[in-house]
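In order of appearance the chains are A, B, C, D and E, and numbering begins at 1 in each one.
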Amino acid sequence: MSFFDLNGTLKPLTALKQFGKKPHTISYPKESKEAADRYRGLHFNDLDECIGCGNCSTICQNAAIDMIHIEGHDGKKGDSGLRPRVDNGRCCWCALCVEVCPTGSLSLTKDYLYVSEDPDSFLWTPGKDNPEGKEQISFFSTEETSLNVLDRVPMPELEGKERVKSFAEVVLGYNEAEARAEASRCISCGLCTEVCPEHMHIPEYINAIAAGNDADAVRIIYDNNPLPEMCGKVCTRRCEDVCAIASRGEALAIRWLKRYATETAVTADITREIVNPEIREANGKTVGIIGAGPSGLTAAYYLALRGYDVTIYESSAKAGGATMYGIPKYRLPIESLDKQIDYIKSIGVKINFNTKVGKDISFKEIYNKFDAVFMGVGFPDAWSLGVDGEDAKGSMQAFRYLYMINSGDKVDIGDKVIVVGGGNVAIDAARVSRRFGADVTILYRRRVEDMPADWEEIEGAEDEGVHIIPQGIPIKVHKDENGHVKSVEYLKAEMVPDPKGGRPKPVAIEGSNTIIEATAVMAAIGQMGDYSFLEKEFEDKIKIERGRFIVNEKQQTGDPKVFAGGDAVNRTADAISAIADGFRACKAIDEMLSA
Amino acid sequence: MREKATTLYIGPQHPGITGNMMVKVQVEGDTIVKARTEVGYLHRAFEKLQESRNWLQSFTLLCRFCVPEPDPVEESYARAVELLEGREVPERAKYIRVLMLELARMASYMLWYGGQNGSLGLYTMGQWSVGDRNYILDLFEELTGGRVYHMYIWPGGVRRDLPDGFADKVLRTMDYLEKRLKDYDDLMFENTIFQKRTQGVGIISKEKAVEWGVVGPVLRGCGIKSDIRIDDPYEVYDKLDFIVPTQEGGDIWARALVRRQEIRQSIRIIRQVIEKMPSGEFYNRIPNPHKWTLPKGDAYARTEATRGEVGMYIVSDGSTHPRRTHFRGAAYVHGITLLEDLLIGENVADISAIMNSLGTCPPEIER
Amino acid sequence: MEVVLMDILGAVVTFLVAFVVGMTYGGLSRKITARVQNRKGPPFYQNFIDAFKLGSKKSAIHHGVMHHFGPAFLMVSSVMTLMIVPVLTHNQWFPNLNFQGDLIFLLYVMTFGPLGMALGAGQTGNPNSAIGVTRGLSQMVGFEIPWVLALVALMIQYHTTSITGLMAAQAHSGTWLMFSSPFAFVAAVMAMFGMFRYSPFDIVGAPTELASGPISENGGKYLFVMMSSGSVFTFAKLTLYVDLFMGGADNLLILLIKTFALYLIPVLYGVTTPRYRTEQAVRWFWGWPSFFGLLAILQAVFF
Amino acid sequence: MMNDKNSQKIVDIIQNWARKHSIWVLAYGTGCGAIEIPPTMTSRYDAERLGVRGAATPRQADVLLITGYLTVKTMKRVIRVYEQMQDPKYVIGFGSCTINGGMYYDSYNTIKVLDKYLPVDVYINGCMPRPEAVLSGFAQLQKRIAEGRANGAQQYKDNLEWYRANQKKIIPNWIMPDYNW
Amino acid sequence: MKELKESIIKRIKANFADAVERNDFKDNRLDFSVKKETIPAILFYLKDEMGFVHLSDVNCVDWLEDGELEVVFIVWSPADKIKVFVRTRLDRDNAVMDNLDMIWRQMNTYERELREMFGVQFTGLEAPEEFILEDWQGPPPFRRDFDSAAYAEKTFWHRPGREDAQDVRESIADRDGEEIPDFAKKYSR
């Protein structure tokens, strides 16, 4: 430092030149700078897009988000009917809620101004309180930035070429690491449980798997499903349709996870050990069950747990009903089913095989013998095509075909098989036929995307070399000189939109007749029931309409002692609905008998 | 004759204090004979709160640890988690992180310009630099969506990619600030009164600096070259060309000079980063945050902030929530033992200046 | 009798003008400072609003009788200074109580306020106030030296101890004293920095050190009184400087131009500097300003 | 001749106008929100345009900004500071933490609901409120003052017992002078 | 780096028999567990003999299940560019350690914090009893058996008005009549 620092005294004075410059000030509120394109301001929620999964509420580390009911959103399948409300007295605008929103309906806006004298006015229902926010959305999540894991862990499968060589199970199942990874995608919203007919505790068991606790998962699963391994392999899994993750990515593999969990219990004994169910003391009451299908077995299992003496009458040699005889073994191996049946038996359920009601034992006898009767008789017969030449040799019902194959019988189908229909039975029949080396073609009235069969099944069939001819309506089966199927003639169809807005209808195009050669034709256009076992005296009480029993919400028929469930009752006609019927019936029977 | 000592409470409500803390000093005349810092006014128990938040939720708390410069804290946490989990970070994310860290360093130094000069009565400097700091905050806002709380650097990378035209904006801002820094020099460093007020005040000797765990610009102001960016390089600092300025003297003046040079180095780094920025992914996605577990073990990651070494120590017991996290703030060593010792024998008028020069940040001490 | 009444009325007018001008200058200084700091700043009448608001505070606590001495003494000191300083020459609305030796009296009057402040601050029990007051007094001791030296030089040079005498001397010679006695002017201006307590000599009430020092316990009406007295004092001091060194003023406009020009010096310098510590400030005043003061005396004695 | 009531009204209006345009903010950064105060006060947003400026001591201040969370330890000082301020005085609650605890809602050391302990005039949304929001908060306060509704100090005096009970509940060691100013 | 690490381990093992090392880190880190009696000696040795002059961090982990508190010291050597973790376990009910602030002065602050937050007592520590908390009457708050949320709920008000919030899972379960068994509820969110 010099004696007199002239530079140091004068240099700072250069600052005064700023006097003449334009001030940097933004004269807010007269003028204001627009917030950045990514600004994290107040929330906005697209109320119609939101499914009320509550993931925002769960991720919020400040407990700022409540799920509340708001008017006009009552909830439906796949929508809880709740919408987030943000407590701005908690929020820190970290936007984690935006990042985890599975639908992308929640976002933040450029609007950040909210000043109030009333501290109670900081509860903010995004979307309802700021409908104008839609134009100001600034911070949102895309599929790239979403914190939901959108891609499913791929399920290992046999190669298409390998598959057709045998009836080995096509789907190999997750190993532990894969299962944990897949389970950890779940956001535990529980939307799936509502669409599940049986309302299985899906988030709970998935969380148990994710936490590495398979035994707990098995226990949770067995809480209301005694045939979970079957479901884990062949369930129609409507739960996956409403999975929150599915709004942007691939739904959680709920079915495969159930399969993984139940397969960790390798044998019936181990299952018993893990589930360790509480079996109530025998109460002396008896229940008779007709049909050892999913509904009958479910009712039997849970009634047995409640201390009832349960006897099942089954016409076939094995239990399982349609799951045993209608589903090919490459989807549901017989060992797996046996294991589950063994477990049910170990609880104390008695099954009388090869006992057809109406033939070996009369319904009346059962009715009189037991305190309550449950009918899970299913649909043993199938619809026929109703075209000329259907009586030819080699023309058969796909359902019967599967029954015979699953019973171990041999069926001659030749090398060119045509399956008519687009449901799971059609695909199963086609794929089974492929395994016998036949060239298989599926003929379906509508488009491929209209097929009611699972898309995985359709893909699997295509992988295995099944041809699909969509929009084809069979009109005639040609016979050769031996009365054997020679070819099938069909008309091409065009899709005509339904004026009422329903799904488009196929209408045959005149003159588009096409003929394809065939050695066998299988009809897979639906099944129907056989209620001939019911004696006349019950007809008044046990009503049948459109081929199905009429029951109330407790599965009770007109006769208070008789309950019914399964395909013979519900229209969905899948295993999980049957299980649900059985479970409901069990509760109703228990209620009735313990009253 | 010994003068009677007066007790002065500097804080917690006091314009000269850096944040919400208190220094209780006993003065004889104008000379401090005893100083005692009292902290705890900002204790929110972050580390406790993090135990009840999962690994992702914990991340949002981080930027509140030290408000003027939150990014190094986020960076430390992100790197600690990545270290423990073995998660790779894409190259682009690393560059973006360095960009963020250096911008944050600049923003923090701009605030320091204001604080240091405010403590000495040169309010014009504060008006300029804190006003100009807004240009950096504007960049933050554009990049991260928040002015102050960025919540941007998170485990696996960064939250969003650079928006279009962002690089140009950064460069333009850097050009502007570089011009302004010259004005700052004229007003502040050339100013004879500033020099008189800072030279020879708050001297830390080299030996003491090591003994008392001094870090960051304060340590470099004592003539010891120590910078985590060089010593224990993280992200892509080893690929960038910059120097670590040191200054002999150990007084406020030396520390101010170090900071003056560092803010220029930051501009240099930012320009390099913009130039070298690779394309590609910016985020290595974490699993579903609700079920995201880290393997058992612990990790410690540290970052060079404007105040010195900030580090994050995390312990996982294999669950979705941290077992324990611990944040090591630079102010933790500067703000209590060192400050108490440094103030003894100084003029009561210099308390605020010394605190500012140490970069004392109370929320970092108490968390 | 009429004359006395007129004088009293004139005194009130003087006070009001001083108040308004002082306040406006304060506001303008805030505006100027703001512009140098790259911002728009408050309106120039902001100080009036502030003062009025302080006056309309519903409560103002005090810590005992002595507490009142601070604001009261400040006000008395300011008003007395104002009364002694001739505002406009030959204007009946601005009478002044000048007398022979008023320059010396002025030196005492001007220290009167800070001393009262010391009494008041002592009563508040706030150590910040106490330290602030000691600093203020130390600093006063600092700037009094060049200030007194400059005044003494003038007195010696022109053989008068009254302000009007000095003004008459300027009128007589036709040159302002700032040109005829440049050293005294420089020393006095340098002392003025200390008097105004703008940067770099604002350590007395430094917010970052002492939480506004002596006035820290004063709010509401007390602060209002202090603020007004400060404004009046500002005007009085500036007028005094104009009278002493710039030949006084015949009408208000010239007075305003001259005072404002003078006022800009500490304001603009203050914008660009940090503050000195007390002992540095004292040392500074005893350095160059006192040196110039001595030069002024030498000039007065030998030329 | 106007009666007293009317003249009082006019005086009130004038006084409120002055109060509205001269808001001295106590320089006390109680929480992290203090970080947006410097930008608000400095050249970019320049709150001084609106008559908002800092005051170093509570005696001179009109507004107490509670910038975010308040720990129990700070709470004690804040009460002290608030009681030292001169009537009329206002409190602005900054950001989430003052409204319902914000992100520290489960912390053992911060209070959650500010208006249980101090009368609050205006709350500003945000974490942190950016300078524009802060200025809007001041604007709202100005409106409230102009309308004569900003009577927090009176409210505090009237309900002192209730406030005191709440304060004492969280501050176990109450060694503070009574409210007598 | 590998040789360096091994030589450090060798030196430490030679001097401190009870040190258990961990050397499976990819980065420049080493880890030693020692008995609490060894802590002052090993820290002195590391600092004075081996150049680990910088104390990066000190903290404590509560292992409630084991009934132990683990104190971790992280030291850094500017010369060798390596960091060493030194850890020891204390009995949770009798957490007493030697005062260490003569090694690094800033240890004083760390010790004050650990004393207040974890109840670790340092014999010979000279510092005011209170550090961060004021008039705290509960247990050391950072111990895991102290429930912060419950304490906050009990002590502070939360603003009412949010009682209409519903749990998504429960509301769906209510709607479709699902009965979630109790043992499964811990897996609900």
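Just so we're on the same page, a residue touches a chain if its C-beta (ideal position, glycine included) is under 8 Å from a C-beta of that chain, and two chains touch if they have at least 3 such contacts.
It should be emphasised that the depicted structure is a prediction, and the values quoted were computed from it without experimental measurement.
Participant: Both subunit A and subunit C are touched by which chains?
Facilitator: B, D
Participant: Would you identify the chain whose Cα-based centre sits farthest away from the centre of subunit B?
Facilitator: Comparing chain centres, A lies farthest from subunit B.
Participant: What chain is the most remote from subunit D, judged by the mean position of CA atoms in each chain?
Facilitator: Max centre-to-centre separation from subunit D belongs to A.
Participant: Taking each chain's centre as the average of its Cα atoms, which chain lies closest to the overall Cα centroid?
Facilitator: Central by C-alpha mean position: chain B.
Participant: Quick one: report the Å distance separating subunit C from subunit E, using the average Cα coordinate of each chain.
Facilitator: 61
Participant: I'd like the Å distance between the centres of subunit B and subunit D, where a centre is the mean of that chain's Cα atoms.
Facilitator: The answer is 30 Å.
Participant: As a quick test, compute the distance in whole Å between the mean CA positions of subunit C and subunit D.
Facilitator: Roughly 35 Å separates the two chain centres.
Participant: On a C-alpha centroid basis, what's the spacing between subunit A and subunit D, in Å?
Facilitator: Chain centres of subunit A and subunit D, defined by C-alpha means, are spaced 57 Å apart.
Participant: Hunt down the residues of subunit C that sit against at least two other chains at once, touch-wise.
Facilitator: 34, 36-41, 128, 207, 211, 271-273
Participant: Give me the residue numbers in subunit B that touch at least two other chains, ranges are fine.
Facilitator: Counting only residues that touch two or more other chains, subunit B contributes 14-15, 40, 43, 45, 48-49, 52, 60-61, 124, 127-128, 131-132, 149, 187, 191, 193, 196, 290.
Participant: Give me the residue numbers in subunit E that touch at least two other chains, ranges are fine.
Facilitator: 133-134, 141, 146, 148-149, 159, 189 - these are the residues of subunit E that touch more than one other chain.
Participant: Pairwise, which chains touch?
Facilitator: A-B, A-C, A-D, A-E, B-C, B-D, B-E, C-D, D-E
Participant: Sort out for me which residues of subunit A touch subunit B in the complex.
Facilitator: The contact residues of subunit A facing subunit B are 1, 5, 7-9, 11-12, 14-15, 18, 24, 35-40, 58-59, 61, 92-96, 99-100, 108, 138-139, 145, 147-149, 181, 183-188, 207, 210-211.
Participant: Where on subunit C does subunit B make contact in their complex?
Facilitator: These residues of subunit C touch subunit B: 33, 36-39, 127-128, 130-131, 199-200, 202-203, 206-209, 211, 271-280.
Participant: Within their complex, state which residues of subunit B touch subunit A.
Facilitator: Its residues touching subunit A are 53, 56-58, 60-61, 124, 128, 131-132, 138, 141-146, 149, 151, 159-160, 163, 183, 186-188, 190-193, 195-196, 199, 283, 285-292.
Participant: Given the complex with subunit D, which residues does subunit B contribute to the contact?
Facilitator: Spelled out, the residues of subunit B in touch with subunit D are 12-15, 19-20, 40-45, 48-49, 52, 60-61, 64, 67-68, 111, 114, 126-128, 130-134, 137, 147-149, 363.
Participant: What residues on subunit A touch subunit E, complex-wise?
Facilitator: 52-54, 57-58, 66-69, 75, 80-82, 85, 87, 89, 119-120, 123, 188-191, 193-194, 199, 201, 203-205, 207-208, 211, 216, 219-220, 223
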